Amino acid sequence: MIIIVKQGAQPTQVQDLIESIHVQGLKTTVVVGTEKTIIGVIGDTRRLDDNQLLGNPIVQVVKHISEPFKRANRQFHPDDTVIDCGGAKIGGGHFAMVAGPCSVESREQITEVARAVKAAGATMLRGGAFKPRTSPYDFQGLKADGLELLLEAKRETGLPIVTEIMNINHLPLFEEVDVIQVGARSMQNFEMLKELGRTDKPILIKRGLANTIKELLMAAEYVMSGGNDNVILCERGIRTFETATRNTLDLSAVSVLHEMTHLPVIVDPSHATGVARYVKPMAAAAAACGADGLIIEVHNNPARALCDGAQSLTPEQFRDTAELVAAVRATVAGRL
Amino acid sequence: MIIIVKQGAQPTQVQDLIESIHVQGLKTTVVVGTEKTIIGVIGDTRRLDDNQLLGNPIVQVVKHISEPFKRANRQFHPDDTVIDCGGAKIGGGHFAMVAGPCSVESREQITEVARAVKAAGATMLRGGAFKPRTSPYDFQGLKADGLELLLEAKRETGLPIVTEIMNINHLPLFEEVDVIQVGARSMQNFEMLKELGRTDKPILIKRGLANTIKELLMAAEYVMSGGNDNVILCERGIRTFETATRNTLDLSAVSVLHEMTHLPVIVDPSHATGVARYVKPMAAAAAACGADGLIIEVHNNPARALCDGAQSLTPEQFRDTAELVAAVRATVAGRL
Amino acid sequence: MIIIVKQGAQPTQVQDLIESIHVQGLKTTVVVGTEKTIIGVIGDTRRLDDNQLLGNPIVQVVKHISEPFKRANRQFHPDDTVIDCGGAKIGGGHFAMVAGPCSVESREQITEVARAVKAAGATMLRGGAFKPRTSPYDFQGLKADGLELLLEAKRETGLPIVTEIMNINHLPLFEEVDVIQVGARSMQNFEMLKELGRTDKPILIKRGLANTIKELLMAAEYVMSGGNDNVILCERGIRTFETATRNTLDLSAVSVLHEMTHLPVIVDPSHATGVARYVKPMAAAAAACGADGLIIEVHNNPARALCDGAQSLTPEQFRDTAELVAAVRATVAGRL
Amino acid sequence: MIIIVKQGAQPTQVQDLIESIHVQGLKTTVVVGTEKTIIGVIGDTRRLDDNQLLGNPIVQVVKHISEPFKRANRQFHPDDTVIDCGGAKIGGGHFAMVAGPCSVESREQITEVARAVKAAGATMLRGGAFKPRTSPYDFQGLKADGLELLLEAKRETGLPIVTEIMNINHLPLFEEVDVIQVGARSMQNFEMLKELGRTDKPILIKRGLANTIKELLMAAEYVMSGGNDNVILCERGIRTFETATRNTLDLSAVSVLHEMTHLPVIVDPSHATGVARYVKPMAAAAAACGADGLIIEVHNNPARALCDGAQSLTPEQFRDTAELVAAVRATVAGRL
């Protein structure tokens, strides 16, 4: 950690600051410049609170050198983590192709979509039972009934299922769910992350609309510090000034994350773009830069979907996309 | 609502679309242009799902004329709402000056700060018992013990208290709390908002880092649609590319919100700037543009604060700020 | 165009507004709703000034249906434009691989890099002679001497050259330059765009850091409305809150642009990420989603580069990247 | 300057790096940690190129302690700069109230507005002769004729004039102009800034839509490094995801700039909000936080304005705003 001391600080003030660091068992080295003074702090600085240091009137800048995430850090775990999601593996060369409707609407709908995406190459089925909606007047999902229908579709097709949790009190309902999704709006619901850290389920964490890559890793760290290392990260677009797409897909996050962490990283081109006809090229791009999987919205009748119809592929479009993704993956394999 | 039909749509497709709207009990008016066709939809269009319409391949644009929020809408409730927060009023000319530490640290700390801010002009006491922290390794608050200490400070000073809830299961602990705060990261924790809508407590909702003003109003609508109209809105800075301040304070949101809603709007210059010495000018600016209150971090010893020391005022600085704010309010009263 | 009239507008005010539109030769249709009134305007509405309309106190919203760009619009020019850049073609299936150093530093440097990138598969040579730098104290380029060195490298290798213009008065120096680049900071230098519209040179326009896709198309329209249709667009990252990369590469812009315009679209992964080791995966991703070319920084000794060393590839890394890009292009050809 | 060396760097690589710094006449201090090594660099590091350092494969982070701007830096010039603009002073307690139409439209219009704003308290007249417009099909200003009309209005009212330059070749036309404005889109037109640095005219630089506060100061530094210290800075809103206002006014920039620089800082609430009815509260807020002036759009007939009618005040609204601003300034004087 580096601490930059403001110009004009008294030597006794600097000495007090240094001693307050020493009493925490850390070592320091001081560089006195013509204008300012720098203190280098060495040791486990994670518990040294930046804000407390910044509250000291002589401190101008605090900069960490070590990353604040430990269990998610590739530095301490160089090999890719492989996660088993009810039989479908992800990470370390295993690719997950998750597909399904935005929300579960009926037995017929979810079963028909499940069969279609399985036939088209999906390795897992997604579907929302509890739906986070901006408006309280919008369809909120079939809830427990929706979960039950998803499980039926799983039993019928054998596809492991991925579905979102919005309230930690619903956790008992998720016992047979294969992957529990934490949505973008819940990425910093720290209380929920802690509880999920006490389970052993794979947890799929979507990046929040305004969250940095480091904050996404800290969300993973919340789950992992509870003992659950089965975390999958998902880039799904961030909020920017551009309005031509629903969000701005940040594909470079895939490369950055692969460097910083050993956890698998998947991409959601459906929510990122919000437009069905951009899903295929963005899916191909995600495969080309090394994503460990994709999560794509597919509906048997997008024009009648109860939510997100504009971004849903038909099963035929999904098959076409999955084939292109497979071809791109084969092309880049071992070359990134 | 207006629907713009893509160029090249077949008349039969347009007719099908129009009929699908009519069956929902809505009326339409159609304008056929040289390039495109416009369908005007008249009636209560709130339940017509935009995404479903956009899933129709001939639909290019869907634009609502009515706002999706009804209970929070000033159009249907022209007078300012005044909320009683344990004796301190806010809205309709009543100004709330909420002050206190980022987190409750000890009986001595919270009591000393409470006395100091009361003497300096605060009308409510803030203090975090449950703390949302980006890192699981950071101080997470004193939790239930912190709430107890806050209530002691309330009993001693008579100041109503404002404190954040992070988990709806903690609600029973908040029985004597005067205002329950929903933090920026929880602004779209819809399950929690719904539950808070079933209480009759004043709810202070902070704008999320990447949330639009309309989304903030929809969060209020979640609480209000449950029957609780005691909602206070708080602008606390949004996330932008600028790094000189912790966030970018969007003061124009105060003017926009006052136009769109009857709910009181307060400003948090401490979290918005993250820098103690910018708090006073931003507090004065907020008062000048008509905010209904301020929420300011004050600590008896910022250099020792367990969190957010860099943005905390001393009690003396708070008194100075409160006096300037009062003078500015007197200057602009009745002139905005 | 759609105009939404505010609630409470008097019928005579609405009538005045409608007449002011009719006198401009346009037709209208009016939809009177329960709350608001909508006016649909049909005809060539490009010259109807939105701001003037919005200045009318009864007007709430103005929404265009037709796009304001005409010459760049794919609607009126369905086929891809192919541009000949000194022999190297781009667009309509022709891929441009532009490579070279951030800035021309010496005869040895530019000649060595030119030979190396040509051998590795580049179709054009880039190199900055005039450099836009945030600080006046940073290296500003070799200017006219740099241009001369670039031309020497062109003569020696046969590679057409791409280089940036910062001042329209320098135009005479660019006579032998094959493609004139308008940098991100100059994207809305409208005076320069107009002048470039009077030449017949291919113009490469980089998207500004905070500019929307539509604004990029309007910049192209400035050049094209002057008579020069040889415009190439370049996505090079936008400014967001994320700091792990220099900018955020918006690859979905490639898909959006291909839909909206017939002009070729290339991607600059070097400036977008600012990190050499992310260039290869982002180049592969750009090829996978159908970009018409790439522009990549290559330096023979990145550690000694006078600018942007952190994002420059070595010639060997570039060869490796170019080979992967070629493989990905072959995979996606005809399938997007 | 601090350089953080990556984990795993060889001692000989570190030694090479240190020597490459020493040969530039700078001193170093090295701190070797368990994981990483820190190099402190002492001396005038402005000419040490960050990118060159970052191009070295063992360098992880480069962090400057000194700011890269020198002439604009308050550290070396503690007193506020006062600039004389044709008789109207700004800075150091002198407040500039600049008002006028978006664009000069006719002799009657500019003269009428000039008289009205002077009577209402304006100290300078603004008006656009050369207009930067997103679309080539929009009104581009009266150009040289517009400048002439502005000068007539100046002669008639005695108000100094502020007007924008879009092309440095037009400079001779600006001889009698009192303040030359560099618009937001030209903030990084470095060639123009350099030329303006060779004049002795006051230069008003507007912050770019996506530019940081530091970049704004570097733009000022371009002008000042040429010898012209008469620079006025203007906050006019930045581009964010929020769409309720045209841009997001960043008022905290006023406080940050006052701390970092001695140059005067004014605020443009008209372009920041884009909505006439938000101009007054934002003008009051700007005055409350210590801005040195305001620039406000006023039109004698906003509904007929050729541009930006939606954000223009009538002369009566401007008078009302100016009176409130004066009252707020009197209230905060000497207290910020």
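Every chain is named by a letter (A, B, C and D) in the order it is written, and numbering of its residues begins at 1.
Just so we're on the same page, contacts are C-beta pairs under 8 Å (C-beta built on N, C-alpha and C of every residue); 3 or more make two chains touch, one makes a residue touch a chain.
As the structure is a prediction and not an experimental result, all values here were calculated from the model.
J.: Spell out the chains that contact chain B while also contacting chain C.
T.: A, D
J.: Could you find the chain whose CA centre sits the greatest distance from that of chain A?
T.: D
J.: In whole angstrom, what separates the CA-based centres of chain B and chain D?
T.: About 31 Å, centre to centre.
J.: List the centre-to-centre spacing of chain A and chain D in whole Å, with centres computed as mean CA coordinates.
T.: 39
J.: Can you give the whole-Å distance between the Cα centres of chain C and chain D?
T.: Their C-alpha centroids are separated by 26 Å.
J.: Measuring centre to centre with CA averages, how many angstrom lie between chain A and chain B?
T.: The computed centroid separation for chain A versus chain B comes out at 26 Å.
J.: Quick check on chain C: which residues sit in contact with 2+ other chains?
T.: In chain C, the residues touching two or more other chains are 210, 238-241, 243.
J.: Okay, in this complex, where on chain A does chain C touch?
T.: 210, 212-214, 238, 240-245, 248-256, 259, 272-273, 277-278, 280-282, 284-290, 324, 327-328, 330-332, 335-336
J.: Tell me, which parts of chain D touch chain A in their complex?
T.: 2, 4, 7, 29, 31, 33-36, 38, 40, 42-43, 61, 63, 65-66, 75, 239-241, 243
J.: In the complex of these two chains, what residues of chain C are touching chain D?
T.: 46-47, 49, 51-57, 68-69, 132-139, 166-169, 185-186, 188-191, 194, 208-210, 215, 218, 221-222, 225, 238-239, 299, 302-312
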